[in-house]
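The two complexes that follow have subunit A in common; it is paired with subunit B in the first and with subunit C in the second.
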Partner chain A sequence: MISSLYRIFTIGRNTLTESIRQKVLNVLLIFALVLVASSFAFSGLGTPGLDASGMFDAQIKFVKDAGCGAIGIFGFLITLLSTAQLIPQELHNRTIYTILAKPVRRSEFLLGKFVGMVLLLTLCTALMSLAFAATLYWQEKQAVEQTEAVYDRDSRWKADPGRVADYNHDVAGIVAQIRDPQLVEAVLLIYFKLLMTTAIALLISTFATSSIFTIVTTFLIYLIGHMEGTARDFWLASGANSSIWQSGLVGFISLLIPDMNSFTIVDEILAGNKVPWTHMLNLLGYADVYIIVLLAVSVVIFDYREI
Partner chain B sequence: MESSAPVATPFAAETAGLTKRYPLTWKRKVLVALDHLDLQVRPGEVFGLLGPNGSGKSTTLKLLLGLIVPSAGEARVFGLPPDSLEARRRVGFLPENPYFYGFLNGDETLRFYGKLCGVTGPRLERRIEELIELVGLQNGRERPLRSYSKGMLQRIGLAQALIHDPDLLFLDEPTAGVDPLGSAQIRDLILRLKTMGKTVIFSSHLLEQVQEVADRVAIFSLGKKVLEGSLESLLTENQSTQINIPAELSAGQQERLRAAIAQAGVDDRDVRFTRPHLSLEQLYLRTVQAQADLASKNHPGK
Partner chain C sequence: MEIPASHMSTCLPLSRRLRRAALVALLLGLWAPCKIVWEQHIAREQDLLRYNGAPMTRQLRDELTQGLTIGVLSGMRNIVADFIWLQVTTEWMNNEWFRMSAYINLCTALQPRAPVFWDMGGWQLAWNASIAAMLDRTQPNELRRLKASRFWVDRGLEIYKRGIENNPTYWRLWSDTGMLYDQRLKDYRSAAHYYRTASEQPNAPVYLERFSAIMYDKLHANDDQAAYAEWKALWERLTPEQRKMKIHQGDRIESEIRRLEQKLSIPKEKRVFPN
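Take a look at the complex of A and B:
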């Protein structure tokens, strides 16, 4: 058991090394540029007036939206393009023969590849989150400075306890919006959605004959996964009008394709609505179960594949 | 599913009726890549698989490694099913035209494969030192494999195949695309492995090299083994007799000997004093051509 885990981890670490040395992380430089550019672009949204209260709300919301959106999009690109390459590249370079000729089970090879992608996504999400946090910190600094500038128009405001209390209230509002602990939940949800996408792409690549097929099919499943919730609600809401076939089809698709739409709860978080941790844990549990099922099916298919 | 229990056998590798068929669905045909192969290789032997492209050599190696599943028949490695971890701990494999991971250097490559085989710590580092020396890759330890020449790739390939000190080595075209010098180095390595008691099963197109290192060979054509035996038995002309006389005969002595042979009732006109040998190349071409002629006679449209 331990030796099996060791082999899986060895293959996983090699997959991560490959991604790093093939300069996959360079994509994150573009991410950083997008983040900085959006931060500058939205910094004009605050309209300083005599009352500083709430003037940075829209600006902070846009930066948070842009940050989480960019983490999701760049993470999706990294996971889709990297996972689709994993097995075809091993087959093309014949490295798979040298590995499977060693005392390594096929399941260990496949799980090792998945572990490699998990490590890569963890690293990428951590780095992107750090860049996001740095951008938010810069935004906070700017907003606090600009708030102070508004108050400084009255040079005696610091002597007025009422104005000082207002200032403290405004700054506390900015800090609360920027240092929102719910952002951790948002990033965690995006991360688990990426892991699910990896598991889907890996499953498809176990029988696909080209990377393009894997990329296109995964993308389609990703889209269907976003739409299936709406379809299910529509068919089920129509009650008696929906035939048993329609209900059956929607039920079958729900079983086959993970419901990606559940993860749009990130938008709720960004809108400032509280999402309880119990709901979060339910979603993460759903993702875990789906990932395990997808990996189990992948292992079975890959076991029978002629290489 | 094959049982993983070892079967008592004196052979390092053996096959019985081993067959691999690939259905060509779109052509409604079946491609027979290997047809009822019976083969036995003893421990310590260097065994050569010869044959033109597509004759079934690589398929045989892949079946013996458990990389593909046979359509019929059975393969065993040291009495074990080839896809069992126990069997794989005892075999090493160098695939044809290996690429490996171009982003790893020589040491990292061996470390990676070593860890997969359960070789770790100081034992692994010692093994890497030994193998780098054995294959002569001291100048490639720190270089990424993407900058390696073809010969260097084959040598690191041999080193990774040996990392866990296997008893049996499968080498698929180990000298393909390598220059004559690199090729000679690989031949010397195989001979060294033989002196170390390893069993080597390899496929090759370079017949002279096969002749230099192999104890026995099998010639394949169109998925079938058409000839098998020791080089000595295969390359000896049985229709002639060679008389070894440990002395240089003068012309007069040769004439008297010829007369004596004539007196014994043998036509003395064709008597020569050397033992005729076929070259392996002649044998190979003759065998493969005969098989192809037979096939075209049986299936004229093919």
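Take a look at the complex of A and C:
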């Protein structure tokens, strides 16, 4: 058991090293970091002029949306491009024969690849989150300085306890929005969505013959996954009214495609709404179980694949 | 027909292929019903928590462009809403009020739980659009200008009220509605109600507490009793330290209570300030 875990981890570590060496991924990561860091530039687009009256809600929302959006989009691109290459590249370079000729099970090879992707995504998400946190810190500093400038229009405001209390309230509002601990939940949800995408891409690459096929199919499943809820509702509500073909299609989508749209509650967090941890854990548990199922199916398909 | 020797190594025997298919089908068959039940549970929870914007209907799809629809469908609803908000700002600069109103409706439909869209949207319509209508010299007479201005105030009010329905604990929407009733509609009783409710919401600034009393004050010609009750309630809410420090305009509250106690001839034993 321990030796098996060791083999999986070794393959994972090598996968991470190989991925880091890829120029495309490095370029993507640099773009992601630049975009996340420059998300404060979007804040000015909110409603110009309002910052002059100390109202930063729209600006802060824009920064959060742009930052988390960049993490999600670039994370998705990194996931898609790296996972799609994992098996085809091994086959193309014929390195898979050397690995599988050693006492390494196919399942271990596949799980190792997945672990490598998990490590890569953890690294990328952590880096992008750091850039996001730095951007938010910068935005907070700017907002507090501008709020003070608004109060400074009346030079005697610091002598008025009422005005000081109002200032403290305004600053506390800005700080609460920017240092919102729920942002950790948002990043976690994005990360787990990326892990699910990785598992889907890995499953497709176990039977795909080219990386392009894996990329396109995963992208389509990702898109359809956001409409899975609608398909499921239609399928569960449809009775005699829908044709067999309609029922069959939406049934297929409902039964097989993961519900990616549930993870868009990140939007709610970014808009400042509270998402209870119980609901978060429910979603993360769903993602975990889905990943396990996808990996199990991948292992079965890959075990039987003629190489 | 014989399989060519070159293909022999890449084809799986039928029994192995069947076994693989059966195993995959078994795994997915076991998971699929659990998946549906779990997803329904998550969806129910999200409905209860009032998450997610308007569902992607044909009308919404028609209002969004093709690119934005794909954006929404790929889980970037918030970025699409932010992008549309940029159009609101552009239309505001161009004084295209009807277009701006349509974009505001789109943003709020996409993210009804983002209070900032309701807040800013209401402000744009009830203040910017209505003031612009009031100053519109292309209208032939004052009555037309007033009518157009009132139209935008009502639209703004509607946005605020719908915003409150979706975000009932966001104090700023209550406060902005109160301000609209106070400063544009001169309905001080409604304004008092909205300010009072705003002050009861989480993170509401303390100054909102006295706003409802000020509204009753504006109604003083026929509602001195209510104004007195409001000011008294405000005074009782202040801590001894706040009263001593005259913080949160404690001095204003005190002088209003004294004035009303005299005006209403409140018996000394019932007065807050008998001396």
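Operating definition for what follows: the second predicted complex is superposed on the first by the 259 of 307 C-alpha atoms of A that agree within 3 Å, B and C clash if a C-alpha of one lies under 4 Å from a C-alpha of the other, contacts with A are read in each partner's own complex, and residues count from 1 in each chain.
Basically, a contact is a pair of C-beta atoms (placed from the backbone, for glycine too) under 8 Å apart; a residue touches a chain by one contact, two chains touch by 3 or more.
Since we're looking at a predicted model, the values are computed, not measured.
Student: If you stack the two complexes on chain A, which partner ends up touching A:Leu100: first (subunit B), second (subunit C), both, or neither?
Tutor: first
Student: Let me test your reading of the model: by the given contact rule, A:Thr264 touches which partner, first (subunit B), second (subunit C), both or neither?
Tutor: In the superposed model, A:Thr264 contacts subunit C only, not subunit B.
Student: Where does A:Glu306 make contact in the superposed view: on subunit B (first), on subunit C (second), on both, or on neither?
Tutor: Both partners.
Student: Tell me the contact category for A:Leu283 with respect to subunit B and subunit C: first, second, both or neither.
Tutor: So A:Leu283 only meets subunit C here.
Student: Who touches more of subunit A, subunit B or subunit C?
Tutor: Result: the larger residue contact count on subunit A belongs to C.
Student: With both complexes superposed on chain A, which partner does A:Trp245 reach: first (subunit B), second (subunit C), both or neither?
Tutor: neither
Student: Shared contact residues on subunit A, subunit B side and subunit C side combined as an intersection?
Tutor: Touching subunit B in the first complex and subunit C in the second, residues 306 of subunit A appear in both lists.
Student: Residue numbers of subunit C touching subunit A in their complex, please.
Tutor: The contact residues of subunit C facing subunit A are 9-12, 16-17, 19-20, 23-24, 27-28, 31-32, 34-36, 38-43, 45-46, 49, 51-52, 55-56, 70, 73-79, 82, 85-86, 89, 111, 113-116, 119-120, 172, 203, 205-207, 245-249.
Student: If you look only at subunit A, which of its residues touch subunit C in the complex?
Tutor: Residues 42, 45-48, 50, 57-58, 61-62, 65-66, 69, 72-73, 161-162, 165-166, 169-170, 172-173, 176, 222-223, 226-230, 232, 236, 254-256, 258-268, 270-273, 275-276, 279, 282-283, 286, 289-290, 293, 296-297, 300-301, 303-304, 306 of subunit A touch subunit C in their complex.
Student: For a test of understanding, state which residues of subunit B touch subunit A in their complex under the given definition.
Tutor: Counting only subunit B, the residues touching subunit A are 62, 65, 67-69, 85, 88-89, 91-93, 95-101, 103-104, 112-113, 115-118, 157, 160-161, 164, 170.
Student: Which positions of subunit A touch subunit B when the two form their complex?
Tutor: Where subunit A meets subunit B, its residues are 3, 6-7, 10-11, 14, 17-18, 21-22, 93-95, 97-105, 306-307.
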